[in-house]
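So that you can tell them apart, the chains are marked A, B, C and D in the order they are listed, and the count of residues begins at 1 in each.
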Amino acid sequence: MTENRQLRLGMVGGGPGSFIGPVHRMGALLDGRFTLAAGAFSRTPEKCREQGVRWGVDPERSYVSWEDMITGERMRPDGIDALAIVTPNYMHYPVAHAALRAGLPVICDKPVTTTLEEAEQLRALVRESGVPFAITYTYAGYAMIREARARIAAGALGAIRKIVVEYWQGWLATSVETENLQAQWRTDPNQAGAGGCIGDIGTHAFHLAEYVTGLRVKALCADLPRVVPGRTLDDDCSVLLRFQDDQPGLLAASQVATGERNGLRLRVYGETGGLEWCHEHPDRLRLLWPDAREEILYQGGIGLSDAARRGTRLPAGHPEGFIEAFATLYQDFADVISAGTCPDTNGFLPCIEDGVRSMHFIEAAIKSHATRSWHILEDCLP
Amino acid sequence: MTENRQLRLGMVGGGPGSFIGPVHRMGALLDGRFTLAAGAFSRTPEKCREQGVRWGVDPERSYVSWEDMITGERMRPDGIDALAIVTPNYMHYPVAHAALRAGLPVICDKPVTTTLEEAEQLRALVRESGVPFAITYTYAGYAMIREARARIAAGALGAIRKIVVEYWQGWLATSVETENLQAQWRTDPNQAGAGGCIGDIGTHAFHLAEYVTGLRVKALCADLPRVVPGRTLDDDCSVLLRFQDDQPGLLAASQVATGERNGLRLRVYGETGGLEWCHEHPDRLRLLWPDAREEILYQGGIGLSDAARRGTRLPAGHPEGFIEAFATLYQDFADVISAGTCPDTNGFLPCIEDGVRSMHFIEAAIKSHATRSWHILEDCLP
Amino acid sequence: MTENRQLRLGMVGGGPGSFIGPVHRMGALLDGRFTLAAGAFSRTPEKCREQGVRWGVDPERSYVSWEDMITGERMRPDGIDALAIVTPNYMHYPVAHAALRAGLPVICDKPVTTTLEEAEQLRALVRESGVPFAITYTYAGYAMIREARARIAAGALGAIRKIVVEYWQGWLATSVETENLQAQWRTDPNQAGAGGCIGDIGTHAFHLAEYVTGLRVKALCADLPRVVPGRTLDDDCSVLLRFQDDQPGLLAASQVATGERNGLRLRVYGETGGLEWCHEHPDRLRLLWPDAREEILYQGGIGLSDAARRGTRLPAGHPEGFIEAFATLYQDFADVISAGTCPDTNGFLPCIEDGVRSMHFIEAAIKSHATRSWHILEDCLP
Amino acid sequence: MTENRQLRLGMVGGGPGSFIGPVHRMGALLDGRFTLAAGAFSRTPEKCREQGVRWGVDPERSYVSWEDMITGERMRPDGIDALAIVTPNYMHYPVAHAALRAGLPVICDKPVTTTLEEAEQLRALVRESGVPFAITYTYAGYAMIREARARIAAGALGAIRKIVVEYWQGWLATSVETENLQAQWRTDPNQAGAGGCIGDIGTHAFHLAEYVTGLRVKALCADLPRVVPGRTLDDDCSVLLRFQDDQPGLLAASQVATGERNGLRLRVYGETGGLEWCHEHPDRLRLLWPDAREEILYQGGIGLSDAARRGTRLPAGHPEGFIEAFATLYQDFADVISAGTCPDTNGFLPCIEDGVRSMHFIEAAIKSHATRSWHILEDCLP
């Protein structure tokens, strides 16, 4: 039976020194839906082979070229069922494009491309081909984020009035790009695209706000400073938002907030209640009520939604984290492949539409910053 | 000796139902520097008398009219040494003006007046008369806020790069102004002035940011929505900031964040470290270091500054709060009266300059909102 | 009307260097029910006078001898209405005894005496005289402790099954008694009594456990080590408890837990729910439910009991602390004096019965430690 | 090269409905050191096959009998390299015994056996055979636990004076054993052994205290109530401890603390500092200093020990949890197999000695409870 057979995953990127490649591998394997069957981990032959051996990939399926992998795997009876793209941003588009044309389902890291135009072209190709395409907006994989989404959709907070999303990092507070590979490509417009902080983590925050509330941003006013001298791209951003029905919002992100680790935090206030989720304690959902009473729901607790249960492996009080959130996205991806339709019916798995939205957001923020004024976000509503 | 004699305080406002009047009384008495000797607590004779009796004020010194109190007390050998103004905003100016002209030191609640013009007139009068004038920006009275200020001034965080200040309340999430006295005058432009949320709590946040960092805001872009239908004044605000050397900042405040209590929070990031203070845990100062290590300093701990020690009555681990913060401001005020000079030499006690700054801030925010654009904040630097 | 007149308080102890004396003064004055009218603050005339002047006490009512104060005040038409005893433990008994015999209501710091025998004698005197006698078990003054008590009494947790109470301090982790006055008398059996840590803070923990649950300890097994070399009295204690219906419990306290500040924490588990209160966040009451859901109630919130409201001065989110808890006990004490009956009808104010219970507890713990075995706690139930 | 080849793991237990089996699988696979090659997941053929298919195990290597698996795998050229035992406790001994005799390295869940005698027999066999034997005391796999251990060993807290370890659960607060499989065997002495709560989670707490401090418990006094009516085994426990140099300690665990999830918490106080770790926030290590200053170290931060880094996959601020802790133990186990020696040289991986210690602890606690007195813990020091 198809659902029971483990799917065979190929990976592009993820060589030694990669941050997100190993996370994709662990996420894919965790729940037993995928095996890692092939990889173009690196253009450097020894590095590619080394990673393949470490991860138990058949040496003849460690490819130095991703083009060869796509071609080679198509000819095998046990060829890969799907492709994970875990490279720097500028490689997303060509690899995804080739895979989709080869009919291979794709799961791609974010942001989907480096330009809005590329994103729109991928969307056209996805629509035309019908091949599943997923984007790993990690935080969409957290059980309590899904719980938040389900509760808001069910009206638990009443009409939404205010949304605040923040993402704080400090790792770029000094000019680490001179020696740190991860920092190097993220601060280089040729590899990262036109957004620095706004593209790298601002998009996570933006996606989360829309994903959880179901609302769309319609206008924004952004301030995108370059705080560390010598940077070409923004390394800090503050954005005033207005959502579709004029609800005010706020998005703040920084990579120069010295001492901060990875502080993503979402707050949503409605007419009858408020809600908070922090990445620091991902197993909790805090609900705020008008009588100054808080409720804290815990992952694994009784009475949570199917959406949350599906992303939960352990009883309450047994911490699950970042890798598990990826695993949940890979579960969704496996389902989508099995079903042959994307997006999934409940819309849990971020897809090409989310990718295009994020590119609109980056583009609008950059324009707003440049003009020191409010800017309308295109593609707001269908 | 003057320093040892308890000072005699008169109060204008603070009748039954007042929120801030009783807080001023408790703050004034706590450290033994003041007694409450007289009051014009209410225009309603029974209410005025009732409050005087409750607080042990000699019945003949409970005045129905504040004008009578100023005149009457001047003629007593044991007349009041200072005046506390705890009325709704629109009364601040006339009472303060009269008191200053009578040579009476004044301690006034915030915001100092309802218009920038009035504030500037008071400033002229203070400068001309040399009479002490203090404003109870409450949070300036917290020991760990003073510790933060002292550490930043000493360079503990390196050059400051980013400032984030937030103030979250939810008590105006519904139209409580129809029945709640506190809400009624705060949402009425005739009593509160032109700023709603921005004037009531945004000014606290603004003052705190400048007070702790010693930096001045030079430009801002504000969004001041009226979230609850029917409101004339803003009840939520988000403000992009740029400080004097172009440092980015963010100020967010809301009175419609359902379920929030009184969540004031300040974060400051510098080149070499970060810092956080939350009103929820006022005895803590969190320091963030680039090695992902946090340090938490506690009020009453060893090694804190004189500034913090002065605002500390109890050993570490024995909570002090809002009333104690007021008491520290009243200590400062007593010192200023004894010394006959204001502001105090170390600038701990908020004074008329702080009041004028805040009125500039409110005015600039309102203009920015109206024009949907960035606005320069006047009076930025001396 | 009696209820409206401010009561006149005299104080024994509280000279310069006292920790708890100033706290009593602030607590007594905070809510306007008492004025500080007289004091025997110190046996040293200058110190006594100095403190009186600082606190606005009429110089002729600053007495060097407490005996003189009791006598002298009885002869004044405006003599004191009540006496606060804030001396080291060994002075509690003689002063309280004399005051009660003079018909003066007494509010005394804890532990009530240095021996069980003295406590029982005071109880006899209180019963015989009918004069109000209160003990400042501080934590009984916290609003959310009263909320906890009210909820447990109303059955919110079902039948109680397990009680855990802890009190962690680190200030005696080194031999500070050589220079610190507070440490000196607390580690000296002649001044403190036979209990060190168990008497100083273990009694707070014990009182809190019984106060909140309404249950009585019937047996215990204690380990009372002297951790710092050279100590005569215990400076750390761990006690296994069994409550009246055999419910297991645990009491832990230490004054040598390096780095701890003043960490009192109570947890109560019942058949249908659990509850936690920590002194670190005194405005919160955490409720734990079987579905792994927590509820946090905040002081000042809507829907809390009268008991909590009575100890609340400010809206939710405005921290109140240690001094305010004392103030609530002084409110109760003022009511008891006005009513002429003690204990108060709802039993909020700790009284002589609580004092006697605590002395039984100390005595039983010391015996259990000495015999390395379980010990029955006398006076368990009426 | 052996180190690079993925090791082949067989599993006994872990059929549908198992809690810990899937955790072992995920832990083993996460870091790529093991593949799951064979399993005797269940005695029921369909269940065994079903689990094998789900986990990608070759159908002919899904064995209904563990005895067959050991025999069958020995005959394959690609036979398993090691065996994971994830059954209820009473099966640990026979399976481990057979595997060790077959020369197969074993990784076994805790407690190691149901009786001390069995544990000692296994120890003899391990010593005699030299075959690696590991026990999954989960918490020994957490990075910050290893950091705590390294810091204490390096003297960061000075001489240790007090140890407090707690483990709170509420899932057995009602008689769930009538329907919950996990509860059923844990409350049944025939399957769980003589310890209920003390054996199931008390041993985790005990192990953690000794593992982190390097000290050995020498005496204890235990109270082991059966709180829920009808239970044969204890479901709550409180234990006074004395460590090898007379240091006092406290161990508390409960499975009937209604509303608690999985609250393991360790505190260690030394002469010069204190330390706290909570399972709720496993990425943090809290250090307490005598000046009332706290330091919080975060997993992934700069400056942590090799020990912590080894158990860290992600940058600071990216949560890792329970599964990752298992993965770290499996990393250690892979190293031990490669090196052919157990225990590992730095003693990170819990081994048979830890198992025997825990059985001594359970036995001593049960005797102490039965006699209501202190009891000496055998096997205290080598």
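As a convention for this text, a residue touches a chain if its C-beta (ideal position, glycine included) is under 8 Å from a C-beta of that chain, and two chains touch if they have at least 3 such contacts.
Because the structure is a prediction, the values reported are computed rather than measured.
The chains that touch chain C as well as chain D are A, B. Comparing the centres of all chains, each the average of its CA atoms, the largest separation from chain D belongs to B.
Averaging C-alpha coordinates per chain places the centre of chain B 55 Å away from that of chain D. Here the spacing of chain B and chain C, counted between their Cα centres, is 35 Å.
Averaging Cα coordinates per chain places chain A and chain B 43 Å apart. For chain B, the set of residues touching two or more other chains reads 260-261, 290, 292-294, 298, 300, 316-317. Listed in rising order, the residues of chain A touching chain D in the complex are 4, 6, 19, 22-23, 25-26, 29-30, 32, 35, 53-56, 169, 171, 260-263, 279-282, 298, 300, 313-324. Note for the complex: chain C touches chain A at residues 290-298, 300-303, 316-317. Within the complex formed with chain A, the residues of chain B that make contact are 157, 161-162, 164, 170, 173-174, 221, 223, 225, 227, 236, 238, 240, 242, 246, 248, 250, 252, 254, 256-261, 267, 269-274, 287-290, 292-294, 372-374.
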